[in-house]
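These notes open a run of structures that come right after.
In what comes next, chain A is part of two complexes: it sits with chain B in the first one and with chain C in the second one.
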Partner chain A sequence: MAVLRPKSTVPTKRNKPAGIKENRLFNTLNVLFMIVFTTIIIFPIWDVIVGSFSSSASVATPGIRLWPEQFSLDAYRVVFNDPSIWNAFLISVLKTVIGVTTSVFFTAMVAYAMSKQDLIGRKIFIALGVGTMFFSGGMIPIYLLMRSLGLLDNFLVYIIPALFSFYNMLILMNFFREIPTSLEESARIDGAGVWRIFLQIILPLSTPVLAVIALFNGVYQWNDFMTARLYITNEALYPIQMKLYEIIVQQQAANMQNVVGSVIIPTSSQTIQLATIVVATVPIVLVYPFLQRFLISGMMIGAVKE
Partner chain B sequence: MRKNVMGFMSIVGFVMISGCSSSGAEVSIDDLEEARYEIDPNTPAWQVDDEENVELTWYVNAEWFDRAYGEDVITKKLKEDLNLDITFITGDDSNLNTLFSGGDLPDLITIFDGQSQAALRAPTWALPLRELADHYDPYFHQVAQEQTLDWYQLEDGYTYGYPSYSNTIDDYQADIIPGSDAFIIREDIYEALGEPDLSTPEQFITSLQQMKEAFPDVVPFAFRGFGSDGDVGSIGDTFQNHLGVPIADENGDWYNRNLDDSYLDWIRTFNEAYQLGLISDDNFSDDNTVFEEKVERGQYGSVFASGIAQLSGSLQTNVARDPDQRYIAVDGPKNPNGNEPTLNQAGLSGWTVTYITNKVSDPQKAIQLFTYLLSDEGQYLTTFGVEGETFEFNENGKAVLHEEVLQMRNDNPEEYKKSYRLGEFWFFGHDGFALEHGENEASIAVDQIQKWTKGKLKPQFLIENINPDQGTAEARSLVNINSTWATTLASMIRAKDDAEFDRLLGEYETFLETNNFAAVEAIRNEKMNENRERLGL
Partner chain C sequence: MKPNFLKRYKQQLPLQLMVIPGVIFMIIFTYIPIYGIVVAFKSFSVTDTISSAPWVGLNNFKIAFSDPFFWSAVRNTLAISFLKLLIGFTAPILLAILIFELKAGLFKRSVQTISYLPHFLSWIVVGGMLTSWLSTTGLLNSFLMTIGILDEPRNFLVEAQSYWMIAVLSDVWKSVGWGTIIYLATMASIDPTYYEAAKIDGATKLQQIWHITLPLMSFIIALMFVLAVGGLLGSNLDQTLVLINPLNASRAEVIDSYVYKIGLVQGDFSYATAVGLAISIISLILVIITHKITKKLNNRSIF
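Moving on to the complex of A and B:
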C-alpha cells in the first residue's frame, strides 16, 4: 500500500542557494531603494539648513546646494537679534510642557470615565462630542467665547481651550476598554479607590497611547501660532512661532512701504525664512527620540494578538 | 438618539444667544463733552492741552508694521509733544474681522482699502472728523486737505477716515509728485547698442534682438510679473498709461482700455518678442521677490517697471553692485496714434486710511494727533526727523539730513530703522513733501528715473473707486473677468502664432458678454458720474 507522504519541506541542495540568492537580491535592492528614498527626503531638509547659513545672493541663484557657497550667519543674526525671542522661547516651552501634561491628563481622565458603560449620560456626552467634532462655531464665535471667558491676552488661552480634544479622547477611551476589567476588580477588592486605580494602574499600563497623544499635543502646541495671532496682543506672551512669523513679515516691510529710500536689509526674506524654519524645528526634532522609545513599545503591544 | 440630538441643539441655541454680550461705551458726536482747554482756530490744540500721559491703542491692519513706540527719533518726539503713549496692535483681515465682531474696538484703526465694507460702514464704528475737529481742534481744517476730506465723504455727508499719500488736483498741478512707472534699460547695454530708438514695434524687436546677441546673459525684456486675483503686473494699466491710452471715450463713458487697438498692437509685439526668445517664461511665474532680486543683479536688459518707490531698494543694490549697470529710464514704446504718456500716481484715495473709532478713550487727543501729523511740524518730523538731531535747514530753507544719518541708512539699516525710522511712520505721509522741502541728493539709482517721469503725470481721479461694491453679483463677475483677463493676457503674450492670439482675444470678448460685463460697465459709468460731481467737473 502506498503511503501518502507529504512532500519533503527540507530544502534540497538545489533550491537552498536559490532562496538565499533571492534574499540577497531583495536585500540589496531594498538597501538601494532605501538609500535613494531617504536621500530624497533628506535632501530638501539639508537644502533648507544650508540655505539658512548662506548669503542671500547665493540663495537667490536657483538649484540645490550641498554646501553654502558664501557662508553667512546674517539670517540667524536677524532672528536672534531681537532680545524678546528668548522670552518667546520660554513661553513656547511653558505652553508646550504645561499644555501637554494638563491636556493628556485631563483627556485621559475623561476617557477613563467614558470607557465605563455604566456612566450616567454617556450617550449624550458622546453625541455632544461628535457634534462639536464635525461642526465648529467658526473663528468669530470662538473669539467672542474667548473674550467672554476673559482669555484674551492671557496665558491660559494656550492651555484651557487645548485641554480637551474629543478625538484624542476616543483614542484613549478605546485603549482603556482593552485593559481587562478583572485587573480593576482585583484592585478594588484590595481596597483601591477610583483615583488610585486610574493613577496607579490604568495610566502606567497606557504609556504607549499616552505617548502618542502627548506627541500629537506637543507638536500642536509647539507649532501653533494662530492662537497667539487671534487672541494675544501683548508681545510678552508671544510664543516662538508667532515671534518668528513676525520677524518674517517685518522683513517684508521695506517692500510694502510706499516710500523712496526706505531701508534695505542685506538679508533677503528667503534666508530668514530658512533660518526660522531651522530655529522652529530643531527643538521638536530633539524631543522626538526621547518619545520614540514609548512609541515603539506601543506598536509591539499592538502587534501581539491574543 | 433623536432626543439626544434635540438636547444638543437646544444647548447650542442657548450658548449662541447668551454668548453675544454687549460691548463698551460708545462715543457719539452729539454728546461729546466740553474740551478741557480753550479752543482756538489758529492754534493747534496739542499746544494748549496740558493733559498728561494719555494712552491710545492704534490698530494697524498690516502685520509687517513695526510696533515699537517711543524709542526712535520720530515717536520719541511725538510722545513728548503730545504727552501721548500709543500701543500699536497689528494684524490682518481676520484680526480686523474679530475686532469688529467682538465690538471692543481700539482707539484708532488704520486699514488699507478705503472702499472695503469696513470703510463703507464707518458711520457705525467711527467718528466724523470734521465735526470732531470743530469740537476739539479747529486747527485741523487748516492742515487737512479739503479735497481729500470731500473725496472720503460718505453718503451721510460725513467724512470718517483720512488717507496717507492722498494727492490732490493741486499736487498734480504743482508738479511735485514723482511718477512711479517707467521703461528702464541697463545703461551699459543702451550705450553699447548705440542708444537705439525703441518707439515702434519694429525698432523695439530689432534692438532687443541685437541685445540678445551682444549680451547673451541677460533677459532682453521683462515686466513686473503677474500676481493673484487678476493682477497683471506692470503690463496692464501701467503700460496703458505709458502709451497714453485714454481713460474715457469721447462721450465721457468708461473705456475698456484692455481692448484698445494701440495697446493690443504692442501686446502683439511682445508676443513676437516672446516667440523670438526675448521674453523669458520665468517672467510669468516669478513672484515679486524674485523679480526684484533679478533687478538687483542686473539680469534684465530692459524692464517695464512699475512701483519705482518699492523697487528703489533693488535699484540701489544694483547700482552698488556695478554703477555701470545702472538702470535708466528712456522713452521706450510709443503709441502709434501719437498719444503722450499719461502716467498715474496715487490719487485722492491715497494708500492707507486712518479712523478714530467711536470707542475712543480720549477723542480730544485723537484728533490732536491727526492735526499734529498733518501739520508741517508732523510732516517734517516723519520725513526728516528732528532739527539739529537728524537734519538742518540750509540757506535755501530746505531740510538736509545729517551725513551720519545717511551713512547709517546704507551701512547699518537695522540700526537706522531702530533709531530713526524716517519715512516709516507714514500714516499721514505725502509724496511731494520730501521733494518740496528737502534737498538731499537723490539716490543715483532712482533720481534719473523720477526726473524722466516729470511732467508726464495726469490724475485719474475720474476712474478711482469705480468698481462694483464688494459682495454684489457684479463684483463677483468682475473678479472672474479680471482673472480671465490675466490668463488671457499671459496666453496672448505666449501665443504660438497670430491665429492663436486672435482666438484668445475673441474668447475673452465672448467671456465678457456671457459674464454680465455690461452690468459692471453700467456701475462704472454711474460711479464715474458721481466722481465728476465730487470733483466739480
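Moving on to the complex of A and C:
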C-alpha cells in the first residue's frame, strides 16, 4: 500500500528520528486500516444475523442496523415449520457425516499402502494420481459417467465421487511415512496383519492429521451445492445449500419484479431468506473454533507437499 | 530381483488390495470422463451411449465459433477472471504484508481469525447475503445514501454493468484473508537479522517491505501466480449460478455456466462438451505462457 507513505515527511535514509516517526505513522495507519478491514468483513455478516431476527417490515425499510429494531422470531418460525428445510438440513448432516467418515477412511487406507516404498506399481499409481490433478473430462463427460453409474438422483452421489482425494492421499502418505517402522515391526512379530496394524497402530497415531483432513472435508461437504445442482432433481434429496439456493432465486425474481414495478414483493420472504442463511451457516460457525486451531497447520501440511 | 516378482507380489497382496480400490477410483472418475470428451466430436442425443453416437468431426466447434453467446461468455469469463487475477491476486499479498507488520498479540490474532471467516461460507450463503446487501433496502444502498453518494436506491444485482465489479469484489471479500496464510508463513520464515540490519541503517517500514519482504517472497508469489492462472478460466460456476438473472445475464454468463445451461438444462451434450473443451485448451495455453514468462523473470523453474 504505497499510498500509506506520509506526504509531509521526506524519507531521509540517514535521519533516524524521521524514520522512527514514519514507522510510528505507518503502524497507526496500519491499525486503522485493519479496523476498517475487519469491519467490512464482519458487518455484512452481522447485518444478515440482525435482519433474520427483525420483523419483515423493518428489514424492508432502508437503514443501517446495528441491532434488530423490531425483534421478531417470525422468520425462524417459518423456517422451522417448513418440513422441506428440516429434510434438507438432515440430508446435509447425513452427507457430511457419512461423506467425511468414508472419505477419510478410504483415502487413509490407500495412503497406508502407498506409504510402503517397496509397493509394486507404486510409481505408476503416483503417476496416475498426478494426472488426476491436471486433467479433467469436463462437466458433461462427468455427468454422463454419473448417469451410467446410476448416481443421478441417488444419495450416493454425495458419497462415492468424494471417496478419494489424491491430494489428501499424498498428505496422509507422507505423514504415515514418518511413523517409526519399529512400531510396526514389533506388532508384526506379535502376529498382527496389515489391517490390524493399520487400524490399531497407524490410525490412532495419526489423529491430528486425520482431524485436519476431516475438518476440511466436512466444510467442503457441508457447503457443496454443485453436486446437488448437477445430479439431483428429486427435492427430497436436496441439501440445505440447494434449498437456500431456491429461496435466493425466488427472492431475486421478486426483486426483479419489484424493479419492473408491477408486483409488490412478499416482504416476509427476505427475512426467511436471511434466517435460512443463518441456519445453513450455524454448523460452520460451531466448528470454526476447532478449524481455527487446525487450519494453519493443515494449510502448511498441504503447502509443503505442493 | 525379477524371478521372485510373483512371490513378492503375493507377499504384499494385503497391501495391494488396499491400494487397488484407489486406483480403480481414479480410473473411473478421472480417466473415463477424459475418454468421454469424444462426445464433443459426435452428435450425441440423450438416448445414445458414447460409442453409439455418430461422428460429426469438428462441426460442434464450428457452431461454437459462430455462436454470439459463446463469444459473449468467453468475453465475460476473460474479463471477470482477469479482474479477479488483478485484484484478487494482489490483495492477499498486500494484506499479508500489513498483517505481518502488526504487533503480535490479541489484535493481530483477531484480525486473522476474522479475515479467514468468509472463506468458510458457501457461495450460496454469500450469494444470499449479496442479494440482501445489494437490494434496494439493503446495507450498501443504506450506506451510500447515508453518506450522500446516492439519492435514490439502486438495484445493483439487476444492472448488467455492475455485475463484473460485484463478482470480483465479492470474490475478494470471500477469499482475501484465506489467501494471506501462505504469504504469512513465507514471511515468518524470513531471517529477522535482515530487518535488524535494515533498521540500523535507518530504513523505514516501506523501504523494508520493498527491499526485503517482497524480494524474498518473489518465488512463492510467482508460484501462486502460475497456479492462479491455471484456475483462471474455470472457477466461477457457484458464484455465477447464484448471482445470474435474466437482466444481468449479458455480463454474467461465463463459459462454465453456459456449458451448464446448454448441456444440462437444454440437453445438448455434444455442443456443451465442445465448448468446455475449447476453454480447457485456452486455459492450458495460458498456463504454459505464464510459466514461460515467470520462469524468465525469476530464472527459476516452478515445475
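We take it that the second predicted complex is superposed on the first by the 197 of 306 C-alpha atoms of A that agree within 3 Å, B and C clash if a C-alpha of one lies under 4 Å from a C-alpha of the other, contacts with A are read in each partner's own complex, and residues count from 1 in each chain.
In the analysis below, a residue touches a chain if its C-beta (ideal position, glycine included) is under 8 Å from a C-beta of that chain, and two chains touch if they have at least 3 such contacts.
Since the model is a prediction, treat every value here as computed from it, not as a measurement.
In the superposition on chain A, A:Leu66 makes contact with neither chain B nor chain C.
After overlaying the two complexes on the shared chain, residue contacts for A:Gln252 are found with chain B and with chain C alike.
In the superposition on chain A, A:Ile140 makes contact with both chain B and chain C.
Contacts of A:Phe26 after superposition: chain C is touched, whereas chain B is not reached. After overlaying the two complexes on the shared chain, residue contacts for A:Val36 are found with neither chain B nor chain C.
When the two complexes are overlaid on their common chain A, residue A:Ile189 makes contact with neither chain B nor chain C.
Looking at the shared chain after the overlay, A:Asp47 reaches chain C, while chain B stays out of its contact range. Among chain B and chain C, the chain that touches a larger number of residues in chain A is C. Residue contacts after overlaying the shared chain place A:Tyr288 against chain C, while chain B stays out of touching range.
Using the contact criterion defined above for the overlaid structures, shared-chain residue A:Gln270 touches chain B and also reaches chain C.
Touched by chain B in one complex and by chain C in the other are residues 60, 128, 131, 139-141, 143-145, 148, 229-230, 245, 251-253, 255-256, 258-259, 270 of chain A.
Across the complex, chain A is touched by residues 5, 8-9, 12, 14-16, 18-19, 21-23, 25-37, 39, 49-50, 94-95, 98-99, 101-103, 107, 110-111, 113-118, 120-125, 127-129, 131-133, 135-139, 141-143, 145-146, 153, 155, 157-158, 173, 177, 181-182, 185, 201-207, 223, 237-238, 241-242, 245-247, 256, 259-260, 263-264, 269, 272-273, 276-277, 280 of chain C.
The residues of chain A lying in touch with chain C in their complex are 1-2, 4-5, 11, 13-16, 19, 22-23, 26-27, 30-31, 33-34, 37-38, 40-45, 47-48, 51, 59-64, 106-107, 109-110, 112-114, 116, 118-121, 125, 128-129, 131-132, 135-145, 148-149, 161, 163-164, 166, 169, 193-195, 198, 219, 222-226, 229-230, 241-242, 244-245, 247-248, 251-253, 255-256, 258-259, 270, 273-274, 276-277, 280-281, 284, 288, 291-292, 295-296, 299-300, 303, 306. Those residues of chain B that touch chain A in the complex are listed here as 1, 4-5, 7-8, 11-12, 16, 19-21, 62-67, 89, 91, 94-95, 97-98, 101-102, 104, 164-165, 178, 288-290, 292-293, 297, 308-310, 312-313, 316-317, 346, 351, 409, 413-414, 416-417, 423-424, 426, 429, 434, 443, 446, 450. Remark: chain A residues 57, 60, 78, 81, 123-124, 127-128, 131, 139-141, 143-145, 147-148, 229-230, 233, 235, 245-246, 249-266, 268-270 touch chain B in the complex.
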